[in-house]
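Naming follows writing order (A, B, C and D), and every chain is counted from residue 1.
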Amino acid sequence: MTWLSTGSRASHGSRSSDIVRLGELTVVVSEFLQFTVAGLKSGAIYSLVALGFTIVFAATGAINFAQGEFFMLGGMIGVWLVNLGLPLPFAVVLAVVLTACIGAAFEFLAVRRIGDGDPLRIIMVTIGGSVLFRQAALHVFGPDEVPLAPFTRGSSIMVLGAAIERQTLWIWAITLVAVAALFVLYRKTAFGKAMRATALRREAARLVGIDTSLMVTVSFALAAALGALAGLVVAPLTQTAFDVGAGIGVKGFAAAILGGLGNPVAAVGGGLVLGFLESMTAGYINPLYKDAVALVVLLGVLFVKPEGLFGGTGREKV
Amino acid sequence: MSSLLAVRGVTKRFGGLTAVDNVSFDVFEGTVKALIGPNGAGKSTLFNTLTGFEPPDSGSVIFDGSEIVARKPRDVVRSGLARTFQNTQLFDGMSALENVMVGAQAHQPRGFAGSALRLPSLISEDRVAAEEAARLLRLIGIERWADVPAGDLPSGIRRLLEIARALATAPRMLLLDEPAAGLNAAETSELVHTMRRIRDGGITVLIVEHDMGLVMEVSDEIVVIDRGRKIAEGPPRMIQRDPAVIAAYLGEVADDE
Amino acid sequence: MTRGRLVRITVPVVVAALVAALPFVVTDRFLLKIFTYAGLNAIVVIGLSFLFGYGGQVSLGHAAFCGLGAYTCANLTATLHLPWLVALAVAGAIAAVGGLLLALPSLRLKGHYLAMATLGFGELMNLAFVEAVPLTHGVDGFTRIPPPSIGSLVLKSPAQLYWLVWAVAGVALLLAANMVSLRPGRAMRAMHGSELGAMACGVDLVGVKVRAFVVSATMAGLSGALYASAIGFVSPKLFSVTISVGFLAMAVIGGSNSLVGPVLAAIALTLVQYLDALVPGISREAAQIVQAWEPDVYGLLIVVVVLFAPGGIGALWRRKRAGEAS
Amino acid sequence: MQTGAERMKRSAPESCGKGGEEMGLVRSWARPLALALAVALVVTAAGCSGAKSGGGTSSETYKVGAILSLTGSYAALGTSEQNALKLEVDKINAAGGVSGKKIDLVVVDDGTDEAKAVAAATKLIDQDEVIAILGATGTGQSMAIRNEVDRAGLPEISMAGGTAITATFDKFVFQTPWSNTIVVPFVLEKIAADGHKTIAVLSDSSGYGKDGLAVIKNAAAGAGLTIASDQTFNPGDTDFSAQLTKIKNSDADAVLLWTAGKEGASIVKSAADLGVKQPWYGGSGQAKIEFPKGAGGAAEGFVFGTGKSLVPANWGTDSEEYKVVNDFATRYKAAYNQDPDIFAGHAYDALAILVDALKRTGGKTEPAALRDAVEQTKDLVGFGGPFTFTATDHNGLTTDDLALYRITGESWEPIK
C-alpha cells in the first residue's frame, strides 16, 4: 500500500538529533493516544447498538435485523425536531422517546404476530421492517445527509498531544449513564427482575404472573431507545442520513457477538474492543480495511467461538 | 442369549451435576428391557449417551461387539441402534409416509447427483423405500394417516410414527423414550401388541417408560436408576418387590407432596 | 397412459414451449432483456429456495456467489480469452468452492447466527470486489465482457440471450426439482423440520448441508457468469448485500418447499421494477413514483407474506389445489 | 384453532397415493408455471402494442433519451439534472424546436443502479428509438451503459465526473463536467502559488477519489509539490481520526481533499477538533452547499477549484459565457425557486451539445452522422465553459474554464 511509505515516520526519519527523537517519541505516543480516543469513541457507539441487540436477544432469542434503523431514526428524528425549532436537549429526549415508541410498535404490530417464534420468520420480518424504516425515513426526511449541532460548543481538550472532541466526552458520558441506568433497571427494580425472569425462563415467568409479552415489547422499546441515543449523540460528529442504519447494524452485531450475545456487560466490552481494533487497523495498517475488521471479527467469532469473548448464551443447546 | 448392548461404567456430568453415574447393564438379544426411575433420574441423558447425541465423560458402550461410545448419531444408527425421543422429533411439514422414508436414508448414499439426473437405480430405490415405509406404517397400524403431514397428527399417532420411522433404519435394536406418553388406554394396549410384534421380528428393545402397567407387561428385564445411579436390575416381579426401588419411588411421591 | 399422467407430462412441455416461443411473439429487444433479467434472477432464486425453502438454511450472501461467478467469467473471457463454455464451467466451479468455504465453518450455525454469518460473508466479499482492482476493476466496474459464444456461434441478440438464460434456468429448475422430489429433498426437509430427528434417522447432516450450499452457490455463480457475458458489464454494487436481501425476498415470497413459487416471485418482482415499460399507457410520472416506492413494496411484501401467508405463493397454490380437489 | 382431526379432513383428499410422490411434484409446478407464462405473454403483448403506439422516432419529433438517478443515493443530483433538462427542452420547443422539429425528452430513472441503467439504455435504444442518450448521472451507470451505446452506435453524453468515462476512451461517449484531469492541476497550481511546498492528500476510495488521487500523483511534481502524506477513506466512513492525525503530524504545508462524497463536511469538522492547522484545498466535490452547511463553520477559509460558472460573474459580465450561464440560472430560479447547482449545469450542457450537433447535421439523426457532429463541437458556450471536442478529447473543457473559491460562512466567494 502506497501510504505505508509516506507515513509520518518516514517524513521525520531524516532528522537525527536526540531532540528530534524525543519529538518523534512524543508523536508516536500522541498518535497512539489519538487512535485510542477515536477507537473508544466509535466503540462506545457500537456498545450502545450492541446493547440493543443483546436486550432483544435476551428477551426473545431473536436477532433484530432492524436494530441499525433505530440508530438512523434517532438521528433523523432529532435533526427534524431541531429544525422544527425545538431546543436541542428536548429534541434529543423526544427523539429517543419517539424511537422507543416506534420500536415498541414494531414489536407489537409485526414481530409478536409470529406465533411460533420461528427464527427464520423473525429474521425476515425484521429485515422487511428495516427496509420499511429506511424507506419511511427517505420519504419523510429526504435523501440528503443532515447535520446536528454539537451538544456543547468549544474547542477540543488536549491530553498528551491527543485531542478529545467535546462531543466525544458526551458520547462517553451518555454511554456510561445509559449502561448504569440499564444496570439499575435490571438489577434493582421489580420491573427489571421481571424482564430478567422473562429472558431466563419465559414459561416460568408467565406462570408466576409476569406479563411476558409486555416484557418483550419493552425490550424492543429499550433497544430502540439505546440505538436512537447512539444515533443522536454521534450525529454532531458524522451527520446522519436515511441510509446509515445497515452499516451500523452490522458493526453493533459484531460487537454484541464478540462480547457474547445475551450478556449486557459483554456487549459493552465487545463494542469497545471492536472500536479499538478498528481504529488501530485504520491507524497502523490501512484505513480502507477498517470496515473489514468488524466483518472479520464477526465471522471469526461465529465460526470459532460463537459464545463470544466474555461468555454469554451464544450457542444453542442440542 | 448373548449381550447385544453392553453398557459399562457410563458417566455423564453437566458442570457440577452428575446426571449419569457409573451405570452398567446389559441388554440381551431378542428381549425387551425397560429403564425406569423417578423424574430426573437421568434416563433420557443415558439414552443420549448411548446414541451419540451426548457422548459420556467416561465408560464404554459395546453394541454388537464393537465400541460405539465415540460414534456420531448417524454412525450409531447405521450400526443398527435406532431411537425415538421423549419430545417427538418428527418432520412436521412432511407426510407420515415421507417421515418414515427418511429413516431409510441411514443406509443410502446422499444421492444428490443421482437424483438430479433421475438415475433409474435411484428411482427404483426410492420406490422400494416408499413400499417399505408403507409396510412399516401397516405394521404399526397407522397406515391410514400415511399422507397426512406429521404436524397435523394427534400426539399418540406421532409417537407411533416415530417408532415406524426408527424401524425404517433397519435396526437390530430400538431405544424408545416414553413411547406411551400421551396415549389413551386403547392406544397403549395397541402399543403393547406392536412392541411384541417388533420383538418377535427379531428386534431387541430398550424402553424408558413411566407407565408401570406397560413396563410390567412387555419387559423381560428392568433396570432402575435413581439420581444417575443404578439401584436395581432384574425381572419385573423382582423389581416390584425391591425395597430400594420402592424407597426411590416413595421418595418421589413424598417430594411431590 | 391415464389422462392425469398425460396432463402431467404435457403441461410442462407446453410451458417450456411457450417460454421458448416468447421471442417470436415479442420482438421488442427491451422487453426481451427484462425477461432475461427475470431468468437470471430466477436461476439464483431456484438455488436459494433449494437451500432455504427446503433445507431451512438462510443465506444473506448469495449475491456474493453471483459476483464470484461473474468476475471469474469476465476475467476468463475478456482478459484470458478462454472459450466461453470453459469460463462458464469455471465460474460455476469457483462459486461452488465459495459455497463450500462458507458452508464448512457454518455447519454449527443455525437461524440467526447463520443469517449473520452469511451477511458478514456477503459484505466481506463485496469489499473484496471493490478492493481487488486487478481482477474486478474496482468500483468503476468491469466493462467490455465478451458475449456468450459456443464454438463459432456468438450469442448477441436479445432473443438468443433470452433463450440461453431461460434454457439454463429450465435446466436448473429441472435438476433442483428432481433433487427435491427424491431422497435429497426429503433429507433437506427433514433437516429443516428437526435436526435431532434427522440425526436419529441417520441423515448425513453435514453432507446434506454442504451439498445444499454448494448446489445453491453454483446456481448463483452460473447466473452471475451469464449476467456478465449477457450484459457485458459488472460492478461490485450488483453483488451487494442489498441484492442478496432481494433474492431472499423472492425466495420467501415464493414460499418454502416450492420451486415454482419462488420462480414466479422472481419473475414478478423483476418485472415490477420495469413497470413503465410493461404497462401500456402508464404516464412517465406514475412510473417514476412506482420506481421510488419499489423498495417499500419489497419490504411490505416480505412482512405481509411472513406474517399472514408464511407459505408464500407456493402454499397459496397448494391450498387452491386442495380446495379444487375436495 | 383447528383441531387435528379437522385439519386431517381437509388434508386427507390431498393425498395422491403411494408411488405418486415424484409425479406429484411435477404436477405441482407445472400449472403455476403455465399460469405465469400466460400472464407474462399477455402483459408482454400488451406492452408491445403500447410501446408501438407511442414508440418509434416519429418524423415530427426528435426523441432524446436521458438516464438519470432520480432515486437511490444520487437522487439529489439526478433531480437537478431532470429539472434542467425539462426547463431547456420546454424552452427549445416553445421557440419552435430544432430545425422545425420538437424534442421529445424520455427520462428513465436508473435508481443509482448499474443493472437498471443498462436496462434503461436498452429501453431507450430499442423501444423508444432515441437519437442520443444524455447521462447517466453517476460514473458507474455511465460506464455500465457503454456496451449498449457501442452496439447502437449513437452518442452518449454523460453528466458524471469520473475521469474513467472519457479517459478509457470510447468513440461514442462524451462528458460534460470538468474532469479531474483539468481541475487537479489547476488546484495544485494554486497551492504552489500560495507558497506551499509539500501537501497531504486525503481522498476517498470511490471512482472519483481514486481517479483524482492518480491525477494528483502524476501532476504534483510538475507543480513543484511533494506529497508528504497520502491518506484514503471509504465512502460511508464516519471517523477520520487516523488519517487526520497522520496529516497533522506530517510535514505537509497544506491538505488537498479529493472527494465527491458527503464525508467532506465531517472531515473538516473533525480536523478542526483534532487541531489540524494546515490550510485546506479541494475540487468540484466541495462545490455544493451541503459542504459548508454541514461543516458548521469548520470549513471557513477552505479553498476549492471548479468551474467559473459557479459564480457567473467570474466570466466577466459582458462575456458570452456570462450571458449563457446567467440566463440559465435566472430561468432555473424562476422555475424552481432555487439556484441551479453544478449538476443542473452539466445537464444543460449535455442537451446544448446535442442540440448544437443536430443543427449542424441539418436535422439528420443517423447515429454515425450525429456522433461525428457531436465530436466536431467547437467553441460551444455552455454552463461549463466553451466546449471543443476532438477525436481524442471527449471532455472538451480546459483550465481556462475554472475558478477558485473560498468558503465564507455557509457559502463561498470567488478568489480574485
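Here, a residue touches a chain if its C-beta (ideal position, glycine included) is under 8 Å from a C-beta of that chain, and two chains touch if they have at least 3 such contacts.
Since this is a predicted model, take the numbers as computed values, not measurements.
Graph distance from chain C to chain D, where chains that touch are one step apart, equals 1. The most central chain, judged by the distance from its Cα centroid to the centroid of all protein Cα atoms shown, is C.
Each chain gets a centre from the mean of its Cα atoms; the one farthest from the centre of chain B is D.
Averaging Cα coordinates per chain places chain B and chain C 42 Å apart. The mean-CA centres of chain A and chain D are about 34 angstrom from one another, to the nearest whole unit. In terms of their C-alpha centroids, the spacing between chain B and chain D amounts to 68 Å. Of all residues in chain A, those that touch two or more other chains are 288, 291, 318. Multi-chain contact residues, meaning those touching two or more other chains, occur in chain D at positions 11, 14, 21-22, 205. Annotation for chain C: residues 181-182, 196 touch two or more other chains. Against chain C, in their complex, chain D makes its touches with residues 10-11, 13-14, 21-34, 36-38, 40-41, 43-51, 53-54, 70-71, 106-109, 111, 113-116, 118-119, 122-123, 125-127, 139-140, 143-144, 146-147, 162, 164, 168, 205-207, 210. Those residues of chain C that touch chain D in the shared complex are 4-5, 7-9, 11-12, 14-15, 18-19, 22, 25-31, 33-35, 37, 130, 138-141, 143-144, 158, 173, 177, 180-182, 231-235, 237-238, 258-261, 263-264, 267, 271, 273-274, 276-281, 284, 288, 291-292, 294, 313, 317-318, 321-322, 325-326. For chain C in complex with chain B, the touching residues are 175-176, 178-179, 181-187, 189-190, 192-194, 196-205, 207-208, 211, 215, 257.
Looking at the complex, you find that chain B touches chain C at residues 51, 53, 72-74, 77-78, 82-85, 89-94, 98-99, 101-103, 105-108, 110-112, 115-118, 122-123, 125-126, 129, 150, 162, 165-166, 168-169.
Partner chain D is touched in their complex by these residues of chain A: 2-3, 6-8, 11-12, 27, 30-31, 34-35, 37-38, 41-42, 143-147, 149, 155-156, 158, 163, 165, 234, 237-239, 241, 243-244, 247, 279, 282-283, 287-288, 290-291.
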